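Reading through the structure tokens given below for one structure.
By letter and in written order, the chains are A, B, C and D; residue numbering begins at 1 in each of them.
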Amino acid sequence: MVPRYARPEMTAIWSAENRFRIWFEIEAHATDALADLGTVPKSAANALWDWWATKPVIDVAAIDAIEAVTKHDVIAFLTWVSENVGEEARFMHQGMTSSDVLDTCLAVQLAQAADLLIADVDALLAAIKRRAFEHKLTPTIGRSHGIHAEPVTFGLKLAQAYAEFDRCKARLIAARAEVATCAISGAVGTFANIDPRVEAHVAAKLGLSIEPVSTQVIPRDRHAMFFATLGVVAGSIERLATEVRHLQRTEVLEAEEYFSPGQKGSSAMPHKRNPILTENLTGLARMVRSAVVPALENVALWHERDISHSSVERFIGPDATITLDFALGRLTGVIDKLLIYPERMQKNLDRMGGLVHSQRVLLALTQAGASREDSYLLVQRNAMRVWESDGQLSLLELLKADADVTARLSAAQLTELFDLGYHMKHVDTIFDRVFGAA
Amino acid sequence: MVPRYARPEMTAIWSAENRFRIWFEIEAHATDALADLGTVPKSAANALWDWWATKPVIDVAAIDAIEAVTKHDVIAFLTWVSENVGEEARFMHQGMTSSDVLDTCLAVQLAQAADLLIADVDALLAAIKRRAFEHKLTPTIGRSHGIHAEPVTFGLKLAQAYAEFDRCKARLIAARAEVATCAISGAVGTFANIDPRVEAHVAAKLGLSIEPVSTQVIPRDRHAMFFATLGVVAGSIERLATEVRHLQRTEVLEAEEYFSPGQKGSSAMPHKRNPILTENLTGLARMVRSAVVPALENVALWHERDISHSSVERFIGPDATITLDFALGRLTGVIDKLLIYPERMQKNLDRMGGLVHSQRVLLALTQAGASREDSYLLVQRNAMRVWESDGQLSLLELLKADADVTARLSAAQLTELFDLGYHMKHVDTIFDRVFGAA
Amino acid sequence: MVPRYARPEMTAIWSAENRFRIWFEIEAHATDALADLGTVPKSAANALWDWWATKPVIDVAAIDAIEAVTKHDVIAFLTWVSENVGEEARFMHQGMTSSDVLDTCLAVQLAQAADLLIADVDALLAAIKRRAFEHKLTPTIGRSHGIHAEPVTFGLKLAQAYAEFDRCKARLIAARAEVATCAISGAVGTFANIDPRVEAHVAAKLGLSIEPVSTQVIPRDRHAMFFATLGVVAGSIERLATEVRHLQRTEVLEAEEYFSPGQKGSSAMPHKRNPILTENLTGLARMVRSAVVPALENVALWHERDISHSSVERFIGPDATITLDFALGRLTGVIDKLLIYPERMQKNLDRMGGLVHSQRVLLALTQAGASREDSYLLVQRNAMRVWESDGQLSLLELLKADADVTARLSAAQLTELFDLGYHMKHVDTIFDRVFGAA
Amino acid sequence: MVPRYARPEMTAIWSAENRFRIWFEIEAHATDALADLGTVPKSAANALWDWWATKPVIDVAAIDAIEAVTKHDVIAFLTWVSENVGEEARFMHQGMTSSDVLDTCLAVQLAQAADLLIADVDALLAAIKRRAFEHKLTPTIGRSHGIHAEPVTFGLKLAQAYAEFDRCKARLIAARAEVATCAISGAVGTFANIDPRVEAHVAAKLGLSIEPVSTQVIPRDRHAMFFATLGVVAGSIERLATEVRHLQRTEVLEAEEYFSPGQKGSSAMPHKRNPILTENLTGLARMVRSAVVPALENVALWHERDISHSSVERFIGPDATITLDFALGRLTGVIDKLLIYPERMQKNLDRMGGLVHSQRVLLALTQAGASREDSYLLVQRNAMRVWESDGQLSLLELLKADADVTARLSAAQLTELFDLGYHMKHVDTIFDRVFGAA
């Protein structure tokens, strides 16, 4: 975790305090269930909750000090709780194994993290939607291969991003369901020393599903799917960030990240306004994605478990979720405050001398009876002259002057073929598909 | 694609012939829709389908020869169709762009591949289920960290695998839905030259969803999610393969890959029976996973598209699906014919002198009134002697001879604590969860 | 391997025929050494070489047919050789294990592949160098963050690429040395059944080093280093390809991939010239890099070997080397024939109204006695006006009109600060560093 | 960075304080060179060094506070230095750009980190060597595919590890040289505002090479190679860790991680001694490797630089080096204190009834005149009986009772073939190769 790429709410999920709070809840709910089953006295469960009701401070340092002696984190925690609760606490953890606590806790943390990420995507979607409607009909050039193709609208670009992050939201919801399971099944998953009803009770209380069959641990294919999904979301962040970076480059300059009046762009070149937020997002996307491979390598634990996954998760659990949360927040800010320059978009649209309308002319010629091959050649020979003039010549004018063309299409027909509105006629349809009918 | 790791049905999906067949169907269905909209004559659509009804051979070499001249695959294909269908074919592809055909075709191929993979998982699930019920109550040692822990049953191990691959099936179904979309939206996705109803018609005919908003291409976050999912399935394959490899090692030998009488294991050591299929599966899993990173890197295409994704997909489209299909088939065979040795499992269970029952003794001592710490020490001092004897001493006998223990638990009680049945009492519950109640 | 991204010479290295030829040489050289040691008759070695001198066709189908029965590739090969050579061939392979042949063969193939790749880089370096000197002093704008910074020359951009690929060459040479080792040490690497002098002899004959200590196999950290190095080279390819893609985008257009007169860019937009080769190289770079992770995962084989690495290497051995060879060749062609537009570079340089000289003005003001902060503000207030005029205003003119500036610097001094030559004065120094002094 | 997997010396390299110290040295050495060139007064350089000689505390909080205003880290640092040094400090940083400082600083940090890692490997090599000589002739079974193959010695296993880490050391030395370069070349690498001799001077003072041609930044192929190398070292760590994990599993138990008398293995199973250090190393290896892909993705920066690499390096710079340093230290401890059980190795060697000698018998039969095929069948039919007896039958006894065998080999000859010494005769040779002749 790099502090400058972290926000407090997500960071708090991974704090020692939050972890110990979740541990306590797991233990206390389990003790409730054990008491209901008659395995331990009801007074034991009550003692735990009574203490909890006093809103005790979690003394992380004290627990760490015990762990330094016992070299076992869960035992250290149980010892500390016992010191606070007293004699009754000895019934805690009956028949459970450390992993029951650790893995169920991780499930809660990942579910909490997923909830934040889903809320982040909601905020991003709202920002994208607002800007998309704002520029629903702002014409801009569509580009394939970085080369001008045909007109689109800036709203359509954002509608694409909206649809993509809407898919990301659905994926995050599915990823949350993957990992939000509770396992309290004992040392090798047989429930030999603990009744399955304890698991069911704790799961219900924590809002988790039961893990149908665990070993000592919850199977790591679930976590692999979770982190793989974060990696896909990161890919989508990189895509939108890359779009902004392209739009901001000097020669294009159709949009810019917001630049506050007092901000310095460079120690050497005071005029520079750099797309540093989106470049940063590109790097952060690489980092979130870098969690995917170790998460995949974590799946094949040996037999009923080995602990190789644990150190990996100590890194990627916090790092991938904190970084993705930060990145989604940063991207939301970028979109929300993005400086958008419609005039420049129009200027760029026009700079190719109308070449962007060539396919439409091609189709019109075909429909007017020319063969596909002839139409192609007719358009190409005029298009090439415009291209070589660097947009100084006008395709429309050249076509009007080409007898082989005017034999098929009148000047009026040609002029009509260069109408931008033609390209916008289905924007409503697409917006309805993406944002829902009004 | 490496031929020895490929099966014909999946390989056929990626053949040039299948690709061209799908292209034809896209074009012909689109022509139908265009005719219905009055854009092209109905006779054009009819001409295409009439020719198709003759079940023409797809002359891949002829199409390749045209492409060698035109340097454009879709134009080459359209030219070849025109040569066969005649004049009416010129109405094909009206207002479409190559990517409409290429991307929708890829969607069909990936959906076909997903269908095979789902069927593969079904076959694997059936094999696992059969063997799981066969060994539902076969006792075997559960191991954490490679060290004997407590008894489980071999059926439980397989139930775990079943649940994991059942999740994989659900993930594959979701991954299929991710990629099974149709985009026929023209050069930059605006439908400027083609009515959205054409897309809807082709999508319906091919069993795809419409892509709500495309650029020139279908967005690659969908494909990233698809290949990431294959990577997770590969992780699960590696896990089960690793289990078999462990079980087959000389000192364990609780199971073996089927070994036909005439098979030679090694040119040098005639007695060797090596788990080469599961070792191979471990390697194949690495390969399927290796598609995930490039698929994630493919997401951030520039503007409305660049073509960097294409070469990646020419590799990973076939490679990841063909390899995963092969691996699932191979794993199914391994499980189906796995030689399982219950006697050896029992022998291994017994080799630790009963140490595997220590936690149960620990609990019993606690319940009999000893403190957790005292119980732990009592068990540990006896357990350590057994451990150091390499299983020659019996924990049960030592406990019976330990006055501090017998002060709490009678010999009969101690004997009962070493009953294997204790560990199996919830196997039915778990099987019901995994396989459904009988 | 995807045929369209493969060249014949590299592909041949991975052919069955080449593999069998190398196997034969290993076996025959080993038989020589065994004969010299008196382990086998000299006549046995002679028989092998006599047959080889007849330049026998390698009958791959026949060997495959034998393997279909024996299910063992090396035994099948030895059998086929015996069928051809006769009785004397039975002394072949004495004391050797299959891996001695397989791993040493892989070493030879990887060394051959490395030689081709090094030659590829040499060809690329030659192309880059030629174009670098051609445009040594062609002014062009340097960009950071995609934003105009200060002038550079196009030759400097290419010098950077040259230096980078020169490092890649050194890395490939080191990677070749990593894998070019010979192991003929028997079933577990102890030389129990074969004298180490056999290994030394074969190594010398094949131009390999001896593997100081092998297990059954050559350790896979060597191969991991090899494929990691290919991944780094791929990264450098992507970098130069990305530069070309940027330079070719419509608004920049400072360079273009060569576009032959008859070539069609798009089925829909006849004017388009797309940087498809460099986009393709971007994708191919992703694929070469995708070999790195499985190669790293191959290192941790179990004990003296497991065979999980083998399937991985059947993919990545050919795929990564063939794809990288193709990519280097394609990139060489791109650079060699790159259309470079100095006029456009100058036009782009000028389009910011001289803002690219702002840092120089800043320094001059400082040296003329202004504080750093004052200088910054003086430059910034003029620079911002130029920026907002989209290059219509001239920074030089504004500065000349700013009394606070002219209080420090005369008009003549200011004019001198806008001299492009200032930025080129150390180009010779850099060229000497990169290409060596003349 | 996860504190529990970090050691102080490596962590200190990445502290803000160390970074600022390096920044100062870069700036002060550059000022020296600028003074020698007459660009700035010598008094400016002296003022810097005079202040430095007072061993000033680096007030990180103060610098951070300035950065919070300026939003620029280098400017903040320069401002803080100016506040301390006074008026003369304004000559610092003349003609330099932030990246000159940042990238050269990163080079110093990576070189410092590499030095620690190389020292770590030296310590590991020393531990491996000591244990290797201690067990140079301790017989143990060699295993391929997890199956008993032929005898090796435990010293040979460690010699293999030694040779592997010796290669890792050489790779780390090469990786250090890759990144240890100095670039002080100004905003786009042209030295427009700074003489190349400044770069040369600073490089010499800091023990770096000059970067022959930089853009705004040092090219990232260097860093990619660095992190790729760390990934390979991590692979080797995983390999040795995996070996220990296998050796410690209950059924094998030929070695164990050191287990202190008071240590608790499990909260539930007091007898357990788990290989948790090496399992942990397996996970840490995954994390170090996870830096490789983002480092490769960092290479293709746009034009003369974009800043996407920076956030990646803020993670992987510290994380990969700190984690690898910790892992090497932990592995050294594991090897140093490894409990090694020769008796158990012998017991395991014997458990297959002598099958491990079968290849030697096979060879002897061949040399005694039997055909390869006959020899194979003779050995195999006896070997299979031993195998099926689970080592209760003795291969030697069965062979002595097989008339077809004794027709070729006498009982004495057969007995000699089962001599363990036979497998150790070249251990000296291998040790000489690996550790150097005595």
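The rule we apply is simple: contacts are C-beta pairs under 8 Å (C-beta built on N, C-alpha and C of every residue); 3 or more make two chains touch, one makes a residue touch a chain.
The model shown is predicted, which means the values in this text are computed figures rather than measured ones.
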- Show which chains lie in contact with chain A and also with chain C. B, D
- Item | Contact-richer chain pair (by C-beta pairs counted) among A-B and B-C | A-B
- Task: State, to the nearest whole Å, the distance from the C-alpha centre of chain B to the C-alpha centre of chain C.
- Result: 33
- Query: If you average the CA atoms of chain A and of chain B, how far apart do the two points sit, in angstrom?
  - Reply: 24
- Item | For chain B, residues contacting two or more additional chains | 143-146, 149-150, 186-187, 245-246, 264, 266, 268-269, 274, 276, 279, 282, 289, 293, 297, 302, 306-307, 359
- Listed in rising order, chain B residues that touch chain C in their complex are 1-2, 4-5, 70-72, 74-75, 93, 97-98, 186-187, 245, 263-264, 266-269, 274, 276, 279-280, 282-284, 286-287, 289-291, 293-294, 297-298, 302, 306-312, 314-316, 319
- Query: What residues of chain C sit close enough to touch chain A in their complex?
  - Reply: 141, 143-150, 245-246, 248-253, 264, 266, 268-276, 279, 293, 297, 344, 348, 351-352, 355-356, 358-359, 362, 376, 379-380, 383-384, 386-387, 390
- Note on the structure: The chain D residues in contact with chain C across the complex are 90, 94-95, 142-146, 149-152, 156, 159-160, 163-164, 167-168, 171, 174, 178, 186-193, 196, 210, 212-216, 219-222, 224-225, 228-229, 231-232, 234-236, 238-239, 241-243, 246, 282, 285, 289, 292-293, 296-297, 299-307, 359-360, 363, 366, 371-372, 422-427, 429-430, 433-434
